[in-house]
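Next come two complexes built around chain A: one with chain B, the other with chain C.
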Partner chain A sequence: MAEHKLANGAARIDFQTEPARYRHWKLTVDGEVATLALDVDENAGLFEGYQLKLNSYDLGVDIELADALQRLRFEHPGVKAVLLRSAKNRVFCAGANIRMLAGASHAHKVNFCKFTNETRNAIEDASRNSGLSFVCVINGTAAGGGYELALAADHIILVDDGSSAVSLPELPLLAVLPGTGGLTRVTDKRRVRRDHADVFCTTEEGVKGKRAVAWRLVDEVVPQSKLDTAATERARERAGRSQRQANGGGVKLTPLQRKFNGDAIDYTCVNVAIDRAGQSATITLHGPDRDAPTNTASLTELGAEFWPLRLARELDDAILHLRNNEFEIGTLIFKSTGDVERVLAYDTFLADNASHWLINEIRQLWKNVLKRIDVTSRSLVTVIEPGSCFAGTLAEVVLACDRSYMLIGQREGDNKPPATIALSALNFGAYPMSNDLTRLQSRFLGEPHRVQVAQERSGEKLEAEDADELGLVTFALDDIDWDDEIRVFMEERTSFSPDALTGMEANLRFGGPETMESKIFARLTAWQNWIFQRPNAVGEDGALKRYGTGQKAAFDMRRV
Partner chain B sequence: MDSNVVDYSTKIPNNVGLTQDRQVLRALEGWHPGYLNWWRDMGPEGFQEAMVYLRTAYAVDPRGWAKFDYVRMPDYRWGILLAPAEENRTIPFGQHFGEPAWQEVPGEYRAMLRRLVVIQGDTEPASVEQQRHLGKTAPSLYDMRNLFQVNVEEGRHLWAMVYLLHKYFGRDGREEADELLRRRSGSEDAPRMLGAFNEATPDWLSFFMFTYFTDRDGKMQLHSLAQSGFDPLSRTCRFMLTEEAHHMFVGETGITRTVQRTCEAMREAGISDPTDVEKVRALGVIDLPTIQKKLNLHYSLSLDLFGSEVSTNAANAFNAGLKGRYRETQIEDDHRLENATYPVLKMVNGAITKVDEPALTALNMRLRDDYSADCVKGLLRWNKVITTAGIDYQLKLPHVAFHRQIGEFKDVEATPQGELIDAATWKKSEADWLPSASDGDFIASLMRSKIEPGEFASWISAPKVGIDNKPGDFEYVRLAA
Partner chain C sequence: MAEHKLANGAARIDFQTEPARYRHWKLTVDGEVATLALDVDENAGLFEGYQLKLNSYDLGVDIELADALQRLRFEHPGVKAVLLRSAKNRVFCAGANIRMLAGASHAHKVNFCKFTNETRNAIEDASRNSGLSFVCVINGTAAGGGYELALAADHIILVDDGSSAVSLPELPLLAVLPGTGGLTRVTDKRRVRRDHADVFCTTEEGVKGKRAVAWRLVDEVVPQSKLDTAATERARERAGRSQRQANGGGVKLTPLQRKFNGDAIDYTCVNVAIDRAGQSATITLHGPDRDAPTNTASLTELGAEFWPLRLARELDDAILHLRNNEFEIGTLIFKSTGDVERVLAYDTFLADNASHWLINEIRQLWKNVLKRIDVTSRSLVTVIEPGSCFAGTLAEVVLACDRSYMLIGQREGDNKPPATIALSALNFGAYPMSNDLTRLQSRFLGEPHRVQVAQERSGEKLEAEDADELGLVTFALDDIDWDDEIRVFMEERTSFSPDALTGMEANLRFGGPETMESKIFARLTAWQNWIFQRPNAVGEDGALKRYGTGQKAAFDMRRV
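Let's look at the complex of A and B:
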């Protein structure tokens, strides 16, 4: 099957949307309880060549979900519980669309799975860090990704109608694994017994009714006639327990200002310049153009214009664009311009007002954007030059990269003072990685005292040699070596196998302990993607290729 | 033992050697009280004590397999009857074509097979539930008896499926068998699995339409399952088909007699215009346009039972050798369908278009086409009655795009002729094509019970021949005092 083309002649996958443009979700808010209802328009797939039957989804459906979650956090601070349900009769969600997967490039599949994982994590993150509790109401089939969506919720209600079941049928049906953290959430979040999980994951039709409760796959089963009442009650109970502070109205996430000019993408404080020959993209982050506010009164008025929020949203969009539309751009080079002290002042403001609901949301957003960078399968490098402002929150970008290069002193013919970087309070706990450690803790696993040493220098502008001494950058180079070292690094990097690099980078980025979240990504990368490449799944006679033809897959029965 | 003869020495009559199969016998005996409770709760309402002149199977060979006698329905000897085994039967289609038929469930197909059995099983009690109120308005004892015969046999068909579940599907099978008694037609909490089996059967014309159109879907499904490579399922369905024929007969003759009575009454009253609904209705008969509307409703609901035109499930079941085509063994092709195509009506760019699809995935469409062809036979008969009476009217099957909830046409509106229309036009004309509430009220007003032997309600003719060749005034049901 030929790879699918984007529907309606679209030039790229766009991650920007808004509720008025949703085709698949309906977001309604009723006081403290919001409802996210899945009602997939089967004829509005992101690509041509398939229909999204039975509330099955593709990346387009998930882009809307991710958008809705973000809007719940920023635009609806009064919401404390969310009902996640289907607007279709007797079907909740049939999971990722199989024909879409069968016709998608491997790269798209992987990035699709990654984004859906990030979105499921965002549900759990909103629950943990924004006091938004999710109650999932399963009124019919919840298969594969459909059940994985439910698994992201805090409480799962399944209708007890004698036929509706939850299932992870990927293995028996498609010879792949549940790719959105399904197996991990079954074992680590729901803590389903391993033998029960074994039966569940090999039973195409899944498990229903009382057994689904007994096996911990859902929290309760409710007859159809009581489903709505139960859902409303659970949502109210959870809303009542929420810590979310509703102070005033929300902040409208206005459309991003974004221009595509050939190989350049310009936002208000992010520029992306693509170098196709060099297979790289330079992402330049611009520091604030005005001073940090002195109090939170003006904050909601600034709304989406507030620099940390604007930058986070723009950077997120840029990363997603490169990830999903520019597969041959193997290296992302981060640069920045701006005033270090001003950036630090913003960090101070974000640190001092952590309990303000909007500041909290902005910090959570930054945390998630940084995590998105962590799991981006591209070589990541920061280049720190005079005029840059990698301080505090922006220094996290440096720490997220596989390598960083910092220029010592000035450049010849440039009167800008030497580059400095700086740490702030936010580098020591505000932005944990998926392994639940800060980037500094992850960096200094073998020398934990170095975190302490770095913390003592917090707030200080550090020139290259100091930064090097503290272990915050990979290389500090002077002007003589600078251009050559960076050129050689780039040339070397582009000569390596992209697959091997992806594997190596993913291994090295997440040292130390595992969490459910880190396991999910690791297993997606290691197992799901491996299985997705194997002939038993995607070969001409493989299960994914043969799905829907009625013909049985022919497996190579050797265990590997 | 002779597997053609039914063993009545056990609590559960059977020809499958249940006495030697203690485990299954015990499971079935455990299920039995639940079934009887279900029958009392959901079976024919108000007639549990009546003595009904029913046929009961005593052998499975096609010649003279049943005997007739008066039975209280709860005492009916529901049992397990399989058609005789064919020696050296092979799998007649799919990737296992030509291999010996399975006598045990192949592990890799267990789930698929169980699902097929459960779906088939779910329809059997559903129709009993749908029809439970009809006894009270029976147009004659003859019709009442036919209703109850259909009901007890649907009950037996449930037994047939439950036997397969108990015998071959272990604990899951037993649970599913219990679920078959738990789901209820039209219930909000535990509805029957298929849409048409949750619709009400409000009156006798609906009952005849149901037995003609919906039971005919059952017949097609049973024919497909009778081809199954899983031999016990094949044998079960083959015997069920011998009973199902009577249900078709009740539907076909019921509609014929209704049409007949309408035509006779019109002729006697000198009415020649069949569309003069008021005048015709004043005669106490059902006008032909309303019969057409009922037909439109039941035909379109029954088409939905075939599922999506293009279906992976159907393809999988065929390829696996579990569910074949109608009269599979009489079709001349390779019985594998790996490269064949089949024309399917689809919505393409807003138009109803014939598209060639891989034959494997188009099996539902094919079975539905076979079904439609099978439906036409009754219409020929009914139209002959109308023509013979000198009335200018023809009953017609509506287009497959008309009034559909499942498949290609579920999101469009179409006229009975298959012309696509917008929602507003549909709304305006719906009452011309489908029975309205007032049509229902009118039909309901005719539904007066006739319980004197030989008497018939105003709207239906007497049958040409009695059941078991009994005379016209035979007392088919002895009502409890």
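Let's look at the complex of A and C:
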């Protein structure tokens, strides 16, 4: 199957954009209420070979949405409610573009769904943690991914015009699942009765009017003539109830400084070095180059230059780049350089000023970047050497990894003092995983008292043997074994099947409870990935391939 | 890829067996302690084309294990602890047979794992709900499925002989996951630290000795010379703490009466009628042919003839047969005939005597049969017509279905009174799903008060419109629409991709919380099914195919 090429000769998928460059979304702010209007430019698809008709989307559309959400959080702290709507007549959104899906590689389909899932989660996260309430106005067709987008909102208004419906036609039309959280949000968020859900998800034309309300699929239906009034009213009501601190000036998310140099990517405090032969990338995080502020007065002035914000944005971009452009890079190696105490001082500042709106947003961003790492289908390892600064927030990266290696003492011929790691208050609640536990709680499911023991050592610089004793690192090794052990690990990892690693890591990383969010990445996504491999969906005679050809799909009717 | 044929010319996989026919297990009872010894006959594989070396297993081995567990529960109520061990020297169990897996169809692999998962769950269920404690004695190799079997026990003893280890070598050796609950039990039951789990699951030779204890993989290591003594001691200690009521006579699980007649299967109170053109099977459940007992005195005398026990066993066998032998039968239609009040009387008897050991076992069996229905990858529908008896325990079948149709009033030309359904006390806690909610709680996640409303109508015979009003059925239809609506539903279902239906149903059936058990069927199994489709595992150059050929697998190194 011929895979699509990126449009306009682009060499890679770029996750950086800004409102002035949006092709598909319009972000407008009117006091406490912002409007995010979807107006897809059908000729501006990310790849060649399809048009984005009927407000259907591809990854490019979603990259803009993710960007707009971040800007609402950082640049517009006065906004308290967001109207999510369409700028086109009688169509809200037709969902993920089918021709794009039909021509996409398996890996792209899976990563596309992962990113769109993260963006839907970001909507809910902004609502829960930033007081940004989302009202979705469905003025016409809301099919598949279109309805899934609506499902991420707090309140869904559907026009009652006798024809407009919400639908999840993926199964009847395409032989795949509504894979952007649709099934899980229907059962776990909207809590639709399971037999109603069965009918809904197998009815191509969807459900409209009173039944859509009775079945809990939307919150209200409103005649066309009253749609705008109702939308504005709901948004204002919700803005009125928001806990967001009204605050004038936001912080401009200035363009990232990023340079691609062959197999290296250099940001201001993140470097990525790709080793193609070793199928790995080393991501080095740089600690702060100046001391933490002593008060919040200078914060907005620092803006996007403020080290924790800058680092989070750069790290997020690096992860997204590797995930979506570098499929053969199977292992991510995290390293760091910098001063442990300085990092701890920043964490103290982030902890002490948690109620400051900008600090809150930065902490939420870190939480989400770390969650993004959790669901990245690459082997993750931290290598902790002299000169590193895995403290507090950065120690969370260690805990997010599948394993970690820490050097005991010094390296021969290097006079840097032994490596230390440290925990801060932020390791004990600021950054929950998708299972709603902290990474330390997840780590110590079997020995929960160890969380308390670790907390008592918070703020202390821990050398390798102490860190090992506390259970914070996988292996503490001295210089004699160091190079060999890491080499063996890397060789081992590249000898394994990438698929099996992906499946194993997705299981071992998420012990314990599940939440709606974790179910989306587990139960729903894993089933969808299976279906994305099945000939009934993706084969030459499968439904995705035959869609729009006038030929019906031919199914192997055997149940598995 | 050539698929294996059943050995000895068998036409179908049969789930019925009895100890006298076992080829692979020896069940012995010594007072309060029973021993289940694995002694696989390598020449008695279920399919042709492989030998079951080193106590490796196939579905046939597991069918015997499942049977033995049921017999321990029903035939040996005096047993309080079970020693799970090997009858072979220096090998406990090498796991699922690799040549069997390499030659099995995708559908067989998936169903094999499903059944073995259900059997592991049955071990834990017997421990939790029947006071049967399991002590596993590992006297040598316990690899892959061998260790997964051990993981189902309450206590694992590993011999400390310098070489015997527990291992999950699936990933390094076969490029698949430990799919019989292994990953989930490691993280959620043994609560092994996730980085230790990562090391363990990527280390072909496994972990032995003190490290196995320190990493929580086993409960104790014991020298060879003390292994038998330790095993007996642990079993006796556990038997001493068991809450199981010592009781002399068990109930013999007599062979099922079952006849295959072309496309029909007739049991004493279950009939299966297969419609190959319609790709469906109608399963008719017959109500009791005599009144419920008034006291428990006659119970053991009735034994396996007791209607609820007989029906549960027959229904279980029918489901297993359809699942494993009839892949093109995509929809199961449940019907019933009988007297609603008589069924309710049985439920009252089962509710009133819940503490009687045999009643407890029958209720647990029903719980497990219903759970088996929940995870059956077929569309499930109940059709409720005049003369049916979906009451109490049988109403649970209605609630397990993806949807239900109930006829309002009478059928033209039929003078049977209108259909009714009824709830009993058993619908409100006796039969939790794998998510630990009742089916009514799962159904009414969004409107929890409806559980209470339904409970208030318990015992009442509800006609279609009442049942609909209470939210207990999907559609209440009168005679005019009846045939058409059901025909349309059946046609629709057969027009859809079976894969997409499987994925959708696995999502919609399990709204709300997850448990270790539900995670095994969701997170773990769905990922494994995906891997079971990937060329890196099952392709001609994949690890499963190349295992034992001396040729290394060739992997596509792209991460998805």
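Convention: the second predicted complex is superposed on the first by the 556 of 560 C-alpha atoms of A that agree within 3 Å, B and C clash if a C-alpha of one lies under 4 Å from a C-alpha of the other, contacts with A are read in each partner's own complex, and residues count from 1 in each chain.
Operating definition for what follows: a residue touches a chain if its C-beta (ideal position, glycine included) is under 8 Å from a C-beta of that chain, and two chains touch if they have at least 3 such contacts.
What you see is a predicted model; the values in this text were computed from it and never measured.
*Asks:* A:Ser163 contacts which: chain B (first), chain C (second), both, neither?
*Replies:* first
*Asks:* After lining up the shared chain so the two structures overlap, which partner does A:Phe260 touch, if you call chain B first and chain C second: first, second, both or neither?
*Replies:* After superposing on A, A:Phe260 lies clear of both chain B and chain C.
*Asks:* Applying the touch criterion given at the start, work out whether A:Pro498 contacts chain B, chain C, both or neither, answering first, second, both or neither.
*Replies:* So A:Pro498 only meets chain C here.
*Asks:* Identify the partner contact of A:Thr549: answer first if only chain B is touched, second if only chain C is, both if each is, neither if none is.
*Replies:* A:Thr549 contacts chain B only, not chain C.
*Asks:* Of chain B and chain C, which one touches more of chain A's residues?
*Replies:* The partner making contact with more of chain A's residues is C.
*Asks:* Using the superposition on chain A as set up above, list the residues of chain A that contact both chain B and chain C.
*Replies:* 172
*Asks:* Applying the document's contact rule, which stretches of chain B touch chain A when the two form their complex?
*Replies:* Its residues touching chain A are 95, 111-112, 115, 179, 182-183, 188-191, 193, 312, 314-316, 318-320, 337-338, 358, 360-361, 363.
*Asks:* What part of chain A is in contact with chain B in the complex they form?
*Replies:* The contact residues of chain A facing chain B are 160-163, 172, 203-205, 223-225, 547-552.
*Asks:* Enumerate the contact residues on chain C facing chain A in the complex.
*Replies:* On the chain C side, the touching residues are 106-107, 110-111, 170-172, 175-177, 183-184, 186-188, 190-199, 201-202, 216, 279, 327-330, 377-378, 401-404, 442-447, 471, 474, 492-514, 519, 522-524, 526-531, 533-534, 536-537, 542-543, 553, 555-560.
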